[in-house]
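We just call them A, B and C in the order they show up, numbering each chain from 1.
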Amino acid sequence: MPHIEIRDISLIYDTPSGSVPGVQGVSFSIEPSEFLCIVGPSGCGKSTLLNIIAGFLTPTGGEIKIGGKIITGHGMDRGVVFQDFAQLFPWRTALGNVAFGLEMKGMGKAEREEIALQQLRLVKLEKFVRSYPHHLSGGMQQRVAIARALAYNPAVLLMDEPFAALDALTRDDMQRLLAEVWRETKKTVIYVTHNVAEAVYLADRVVVMTPHPGTVKIEVPIRLARPRDPLSVEFLDYQKELLRHLGGGAVKA
Amino acid sequence: MSENADRMRSYRRAALTLITVAALYEITARSGYFPRVLLPTIPTIARTLFDMLLDGSMILHALYTFYRVLFGFGLAIVVALPLGILMGRYRAVEGFFLPLASALMPIPSLAWVPVFILWFGLGNTTTVLVVFYAATFPMLLNTWSGVRSVNPIWLRSAGAMGADENAMFWKVIIPGASPFIITGMRQSFLRAWIAVVGAEMIAASSWGLGWVIFDAKEFLNTDIMMASLAVIGCIGFVFERLVFGSLERATIQRWGMVRAAKS
Amino acid sequence: MHDVVPASAFVPLAPGAPAEGEARWRVFARTAFPFLVVGLAWEITARLGVFPARLFPSLEEVAYALVRLTVAGILPHHAGETLLRLFAGFSIAAVMGVAIGIAMGRSRRAEDIFLPLVSIGAPIPGIAYAPLFLLWFGLGNFATILLVGFASSFAVIINTWTGVKAVKEIWVRSAQSMGADNQRMFRQVILPGALPYILTGLRLGMAQAWRILVVVEMLAGVQWGLGWMIFGARELLNTDVMLAGVAVIGIIGLILEKHVFQRLEDYTVVRWGMMEQ
């Protein structure tokens, strides 16, 4: 697993009322197999940053290196999971969606379906292999999206608030499932969220961002044994610490 | 249980309506108040339909109409589908063809019939071209807006998974635009079906369902007219329900992509 | 065979929609460009004499015919008669269609009675009834107007019916709980709630009426009317007059579609946010 380095990334938007920095001078690095969360209130540029790392946006300054190579545009070394359930292709079954990336690589049908099936098993959806997305619940759809992003074995998994649109109970289940998937695959993960408890539950390290302009305020390593207990005193202490860094604005979370 | 009873009552009432209307018609026809030739009785119409089916003339008329409508409709798809996709993908193509399409679309296809008769004579060419004109625009505009409304997140996901231009086109844009494309085909066929009947009436060439209705007027063969109307209605219904209905069920309904408005 | 979709599903036609910060003259030039190309191609074909000049007149001749007929008052007379028939026929369709559609949407009994008739009548293209109507009611205005009204009413009926059924139950319940009586329920809740669909139905009905009317005028032996003008000009090989007539038909069609209904929609359902522009 390569090391990822983000150096001095900025993105300045030109608007009719002058140029507005979306993110400014953001730098941090991610170790192989690390689970990194980026936390911040809405408008702090965390999703913008993730889209830059994914290659969907081009920064106006700075560079990103994955395994020592500077990235330009999107590539198959990164898998992306969005918040929007609509990211799945409605005209393909769960299996067809998961196999898409492998199909693009030119892999044969039998082989790619075998791998896709494994991935669906990993997210506990082996019973819904032949279902179309509209027959699946929101949580299931997001699990398919995770399996889809993992299937072609990218070096890093980029996740943009994947569970934000789910109800609270489903979200808890999904967090537990994701922690498990991560333990099994040992993928490097960059996970964007505005939910502090989620970050403490999942992350090895949390990057706190603040808005206007979007910059990194502080990095907080989470030194808790896994699986984590959200009701333990240490857990709540970490939550408090992060909320303090976020200032009053974090009440939104 | 009560739902079932409701439905039964609906069927009963529907049957009752049809029987009542048919009976009223029959009584009026038999009353002798109107000339028999203008108001043939239902058994007469049925008899005529049966005879024409049996001697093959009705089938031949239908085949002619069918050939013309499918030829024109097929031509429209072959032209409009690729053009609509190009318009949705490339601004330059859109900038050139959209103004032309918006200027030509409001002209009813049948208004061209006299002009086409002059240019191409009576017969198949004129009819097929009118059908083509009628069917092109719904297909073109639906495909165009379908391609434009493909959800950007699908393009992003596919891009992240390494889809090249070719795969993007066949595996994302076409299926993504399919609800619009199928609606376009449906509307196109509807227009084509109207156009073929109208064009056959004016650009007459001794065969075709439109021609037979119009020709029957000359000889006051009202029974033939009504028998042909029934056949036209049946074919239209079959196409709409069976052909396009099953196409929709096999694709966009199965994928849950039918627009909320239709569900 | 009618489409039942709310108007919002309709393709927004915006040729010349300006890109951000684009100058007006550039938008105009961009829109005019394709017409110049096609016009030029037409003109070259016409002047090269590939086809007989009578059958393929130059644009100049078509424009001249347009001006000549307009100045002489012939074209306005034709167009006026056609529009009168259109509005007469369409009014029948609008009044009958909305009334029947609402009845079908509100009463199960009315639905059971009308639905079979509508389902049988609708799949037959309106134009196919033309000879029957001409036979029953004779050549001329009466048959034409009646046919246009009959043929375009199906779209209005089906869309109105769908619209009334699509009125949200929650609106009906909240109005009931606020004490709305039947009449007020109808005028204040059902009618505005179904309006996006009703307007779509009227728009489709009008388009259908327009398309049918042009052909029926060719068949019905009327003295004046754009359809008749085109059809009659064929006898004398006046291709320039025919093309001028086709152009006028297109322009009127465009105005009816864009201006009449667009205004009505902007003023009601768009303003209420029930439909996007």
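Just so we're on the same page, contacts are C-beta pairs under 8 Å (C-beta built on N, C-alpha and C of every residue); 3 or more make two chains touch, one makes a residue touch a chain.
Here the structure is a predicted model, which is why all the values come from computation and not from measurement.
Asker: If you walk touching chains, what's the least steps from chain A to chain C?
Answerer: Minimum number of steps from chain A to chain C: 2.
Asker: Skim through the chains and flag the pair connected by the most C-beta pairs in contact.
Answerer: Per-pair contact counts point to B-C as the maximum.
Asker: Looking at C-alpha means, what's the farthest chain from chain C?
Answerer: Comparing chain centres, A lies farthest from chain C.
Asker: If you average the CA atoms of chain A and of chain C, how far apart do the two points sit, in angstrom?
Answerer: 52
Asker: Just the number, please: Cα centre separation of chain A and chain B in whole Å.
Answerer: Measuring from centre to centre gives 48 Å for this pair.
Asker: Quick one: report the Å distance separating chain B from chain C, using the average Cα coordinate of each chain.
Answerer: 18
Asker: How about chain B: which of its residues touch chain A in the complex?
Answerer: By the definition above, chain B touches chain A via 151, 153-154, 156-164, 167, 171-172, 175-176, 178, 251, 254-257.
Asker: Which residues, counting only chain C, touch chain B once they are in their complex?
Answerer: Those in contact with chain B are residues 1-6, 8-9, 11-13, 15-16, 30-35, 37-38, 51, 55-56, 108-109, 111-117, 120, 123-132, 134-136, 210-211, 214-215, 218-219, 226-227, 230-231, 233-234, 237, 239, 242-243, 245-246, 249-251, 253-254, 257.
Asker: Where on chain B does chain C make contact in their complex?
Answerer: Residue list for chain B touching chain C: 6, 9-10, 13-14, 17-18, 21, 38, 95-100, 102-104, 106-115, 117-119, 141-142, 144-145, 183, 186-187, 190, 193-194, 197-198, 201-202, 209-210, 213-214, 216-217, 220, 222, 225-226, 228-229, 232-234, 236-237, 240, 259, 261-262.
Asker: Would you tell me which residues of chain A are touching chain B in their complex?
Answerer: 54-56, 74-76, 78-80, 82, 84, 86-87, 89-91, 100-101, 103-105, 132-135, 148-149, 152
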